[in-house]
Structure formats: C-alpha cells, structure tokens
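Letters are used for the chains, namely A, B and C, taken in the order the chains are written, and counting of residues starts over at 1 for each.
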C-alpha cells in the first residue's frame, strides 16, 4: 500500500471581505498517494484550480489544513513544482535560463545546474532550443519548457493547472502522450487539473470529480486501464462514461446557477 | 553554410528597409524646405522676418564646422544632461522600486507624486535659482527633476503590472525577497521602465533647454545660445538652435532609448508601448 | 485599510510642512530662501489684498494666465482635431506630418519664445501663439491615432446607408475617435498650461502667474515663488477636475467609450 503524500483535511476556502464572502471550496477532504497520477475534474467555477493553488501554497485555506509528507503547507516552495496554463515562462531568459532558474535557487552550482537543465530539456525533446527565447516558441514547446522547468529541481510533487488548455487539439493530444512518458520516466506524484473528461481518463490513475460551486468531492473513480491507453478501448470508454455521468449533473447545476 | 547565407540576406534586407524608412522620414522636411525657400525668395515673406533654409543651413555650417561654436554649446548641454539624467535614472529606479514594493511607503508617497508631476519642471527653476544660484547646478537640478518623476512613476507602474503567474512560478522554485525582486520583478517590468526612461529623457532634455535659458551666469549651452541670439536679433541663429534642439531630442530617443529597447525588450519579445 | 490610504499622505505632508516651519524659525534654514508655510500664506494674502477694493493683484495674475491658456488651448484644440482627423483619414497626409510632428513636438515652448518675441513682441500674442502650438501637437497626434483605430466596419455600414464622405468625417470619424481625442485634449491642455506659464517667465511684461513667479525670484521673494508653484498645482487641478472631466463625463463616458 503506497503511502499518502498529500493530505487535504477538511479544507474550505472563501474569498472576499467580511460580509461579502464567496465560498470556493467547502469541506474538502482528500489524500493523494505517492507516485500516483491524480486528476481533478469538475465544472467551471468548482474550485479545482483553487484547491491546486492551496496545495501550491499561493493561498491559505480558510479552515482545515493541507499536509505534504506530514508537514503543513504554508507557502510556495521547491518541494511542489507548478505548471501554469499560461506557461509563466520568463521572457528575458532563454529556455536554458528558465530551466536552470529553480536549480540555481536551490543550491546547485552554475555548471551542475546547466547539466541537469540540459538533461531535462532533452527529456522534453527540446534539445537544440536551449538558447531560444520563449517568444519564439510555439505553445506546445513553451509548455514543455514549463514542465522541464518545474521538474528540474526534483520536487516531490508536480502540480499542473490545466496545462494543455491553451493548446490546439492536435498539440494537446501529443502533449498528453508525452506527459505519460515523462511521468513514467520520473515517477513523480502528479496532481493535474482539467475540465476535459477525455484528457482526465487518458492520464489518470484516479479521477476526482468535484461538485459545482462551492466545490467539494463528489466522487473518485479509479482508472485501472494499463498504459499506453487507447482512446477507443472498451473498458476505457466505460470509465469515461462513469466520469461523465458524475460530471454532467454538476455541470447542469452550475449552468442553472448562471441562468 | 545555408544558415549564413540566409542571415546575410536578412541583414541586407533589413538595411534596405531602414534606408527606405529614413528616406520617407526626411522627405517631408525636404518638401517643406523647398516650399519655404520659394516663399522667401519670391518675396512673399521678407527675408528679415523669415530667413530661408539656405541661410539657416549656411549658419549651421558656420557654427558647426567654421568656428565650432555649436559643438561647444552642445557639449556643455550634453554634460549637464548626462549628470542630471544619470541621477534621475538611479534615484528614480530606486525610489520607484521602493514605493512599489512597500505598501506603506507607496500609499504615503504616491498621491504626492501625482500632484508634483503636474507642476511643470520649469516652474521649479526659480526655486533652484534662488537656492542654488544661477549656474550649472540649477540646470542639472532641472534636468534631474524632469526625468525623475517620469522614471519613478513608470517604474512603479511596471512593477505593479508584473504578471502574477511569473511571480508565483518564481516562488515555487524557491525565490524569495530581494532575490525575487532582482531576478524576476525588475526584468518583468522592463517595458514600463523603458517607457519611463524614454519619457524621462524627453522631459530632461526640455528641462535642460529651459533651465539654460533662465540661468544668467552660464555661458555655454544650446538654450543659452538661443537666448543670447535675442540680443543681436539674430533669428538665423535662433532657427539653428531650434532645429538642433528638435534633432537632438529626436536622436536621444531614437538612438539611445531605441537601442536599449532593442537589446532588451524587443529581444525578449516583450511588447513595447509607443 | 482604506482609512490608511488617505491618512498617510496627509501625515507626510503635515509633518513636512511642520518641520519646514520649525526649521525656518530656528534658522536651521535661511527663511528668505526657504520661506516657511506661514510666510508663503502671508505673502500670497498680501498680494491678494494689496490693491483691493480696486482689484486683487493675485487674482489678476491668475486671471491673465487663465485667459491666455483658454485662448491658446481653444485654438490648439480646433487646429489639432482638424489636422488629426485629416492625418488619420489619409495615409499621405499622415506620412507627411508624422516626421514633422516627431521633430517639432519636443521643442519646448520657452525655447521658441525668443523667436516669437522678435516677431510678435512681448505679451499676449507670443504667449498665446506658443501655447496654441504646444496644445496642438498632442491633440493632433492622439486624434490621428483615434481616427486610425476606427473600426472600418462602422465606416462601411455608414457609407452603405448613404452618408457622404465629408459628412462621414464629422458624424462617423469624430464620435468614434472621441476616446482618443479626449485623451489628447487632456494631454494637450496640460501642456498648454505648462507652456503658457513657462513662456510667461520670459515673455510677459506685467501680468501672469509665470510672470509673478519669475519676478519674485528676481527679487528673492521666495514666499511668492513657492506660493506661486502651489497655485499652479491647484489651478491646474481645478481645471482638470472641473472642466475636462465634466466634458469627458458628458460625452465620452456617456457614449460608453471609456470605462469610468
């Protein structure tokens, strides 16, 4: 039984001032196992990104706490890598410079940082582009830099906030496949947020479905299909249906709230 | 091998477009110059009121190549400009950074900054004249003030507008405090900082000219040159001076600031504000 | 805390003024060069009451500057908007004027003063002319930008509905570019005010806020100098708030072109 690496304990999160509070998350309790690929999915506004931000430490929970390896999370830190939907690359640094950034911050010498960074650049198949500036790269390439950058300094956990959301359909598919190989090669714990069911079931060991706003856990579905997965295989399709079923009335609920 | 050929082709094309652009820029002046010359030569306007460009060009030549007076004036002006602007750049970046990073200082000084910006730099010159005398120091103080406000204001804006995702990314990777500032916030605010530098040099240059005109104890300087010309009613020299002011201001922006932009924000693909 | 936002600057200004007053009284700084706030107020009041009940010297100075500014700014605005529309609508006009504006706009008004003094003499004609030129440039520039940014679909729609080319200039281009024009006007009027004051330093014979400040500096009456600068700030603040923003509110904001 693999141990739990992240524990989310009765977490609620509200935003806003005294009398105009908006509850984003409501009593979420969840645990992620070491080495698993977990996906958070839910309708828009369900707070899945907020939950990820709480794990990352960008915000603090209003109630409850989140623990990584038993220690309470309070601020961002190099034990949790983060990949952003808008890439968040540093435009004034080359690809190499971006990937080296985390290494240099964490005590690596310039030479060692360069070596490790080059390995990671190779891992995401961007060798040859080390000296390029981010604005010359395509969306998919930028995100690969983002992933390399977040993994380079060996965080315990990788958090990904709809990382392929800004990409076109073709690139997105390719990136999903690459993500699986990267994960298998590095064996990191990944918490991945998306609103695409296809993407979720393709990537995940477990899919956590969240309720509409304010968010809490509606259900968790195991995806025990061996990888590499075929988008059309039968058992896989069944699981997709299950997830969809859970998701649909939540989506309907949040649509009703908007109406 | 192939790459090098494409590169030189690119370089040749770039020089060609720059040449064409330069030509397009100069053309309106040539047209204007010709019309002006005609208007004066044909007597529509008298030569004493409006000297023709040919006379102005002659005078320019005389001052430039003949007795080098123009260079002496310009050099003195540039000397004052460099000192004042360098001070403005250093303190503006520093002060702006402080106000942007520290909420208390920011709340305290920002409204006052906005208020002070509305006062024309030239209005402070009488204060400087009274307190610092009628010489170089006053002019340099005017140059400093002109640039300082613009640089401070835009530095604050730049830091406030930094993409929060980039800051978060840096924080997850372990960057904190001063390191976060120098490694991320400062470069990320480059676009605004450069806008500040551009506006600053414009204001500084104008403050320089104004300050020189009002400071009685100085002898050299472009502003002084124009001011002195009044005592001889020498309109031609005035025109030369005005043209030099316009051209120098233009070159300071185009050569200096644009070069800076090219090696930083344009290289990094960050959009400039124009 | 919201309260903190306006308390802090007030505290800063109050302590600054307090220390200044103290330092002058204790002779840490020379009170004739650095007239303390009490002296500034006293000097300004004196200027105000000197020739009363005939007239107030202070107000006459301010009035002269304001009169020149409004005249200059009006001329500059009309010329600027007209030129700007032409520039924005026609690429050739734009190509012709852009370089000229780029070189001429940065020339400070005070540098133009000796030339105009030779041509037009001291006083109003010079001051207003240079002020108008200063106002003209930013307005022309911004108006052109505004016209260029007009959605061509709107223009096409109007033409299809039968609006003639000249009529479209006034009825289509003008309102669509209104946001930019308003921004240009704010910039231009600010510039006009600053230029009028600056030119008054050298070209005014007897009245004007700039003249008042300059004259006071020649006699080292620092109270009037500092007071004059304060008045400069206040007068322009008033103009911008009362006049320009009212115009903006009634036109552009109502048309939804600027988010208020």
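The rule is short, and it goes like this: a contact is a pair of C-beta atoms (placed from the backbone, for glycine too) under 8 Å apart; a residue touches a chain by one contact, two chains touch by 3 or more.
Quantities reported herein were computed from a predicted structural model and do not represent experimental measurements.
J.: Most contacts: which chain pair?
T.: After counting contacts between each pair of chains, the winner is B-C.
J.: Starting from the Cα centroid of chain A, hunt down the chain whose centroid lies farthest away.
T.: C
J.: I'd like the most central chain, judged by C-alpha centroids against the all-protein C-alpha centroid.
T.: B
J.: Distance-wise, how many Å sit between the C-alpha centres of chain B and chain C, to the nearest whole number?
T.: 21
J.: So the centre of each chain is just the mean of its C-alpha atoms; given that, what is the distance between chain A and chain B in Å?
T.: The mean C-alpha positions of chain A and chain B differ by 47 Å.
J.: Can you work out the whole-Å distance between the CA centroids of chain A and chain C?
T.: That pair's centroid distance is 53 Å.
J.: Touching residues of chain B toward chain A in the complex: what are they?
T.: It comes out as residues 163, 165-166, 168-175, 179, 183-184, 187-188, 190, 264, 267-270.
J.: Hey, which residues of chain A end up touching chain B in the complex?
T.: Residue positions touching the partner: 56-58, 75-78, 80-82, 84, 86, 88-92, 101-102, 105-106, 133-136, 149-150, 153, 155.
J.: Touching chain C in the complex: which residues of chain B?
T.: Interface residues on chain B, with respect to chain C: 24-29, 31-32, 49, 104, 107-112, 115-116, 118-120, 122-127, 129-131, 202, 205-206, 209-210, 213-214, 223, 226-227, 229-230, 233, 235, 238-239, 241-242, 245-247, 249-250.
J.: Which stretch or stretches of chain C touch chain B in the complex?
T.: Touching chain B: residues 4-6, 8-9, 11-13, 33-34, 95-100, 102-104, 106-108, 110-115, 117-119, 190, 193-195, 197-198, 201-202, 210, 213-214, 216-217, 220, 222, 225-226, 228-229, 232-233, 236-237 of chain C.
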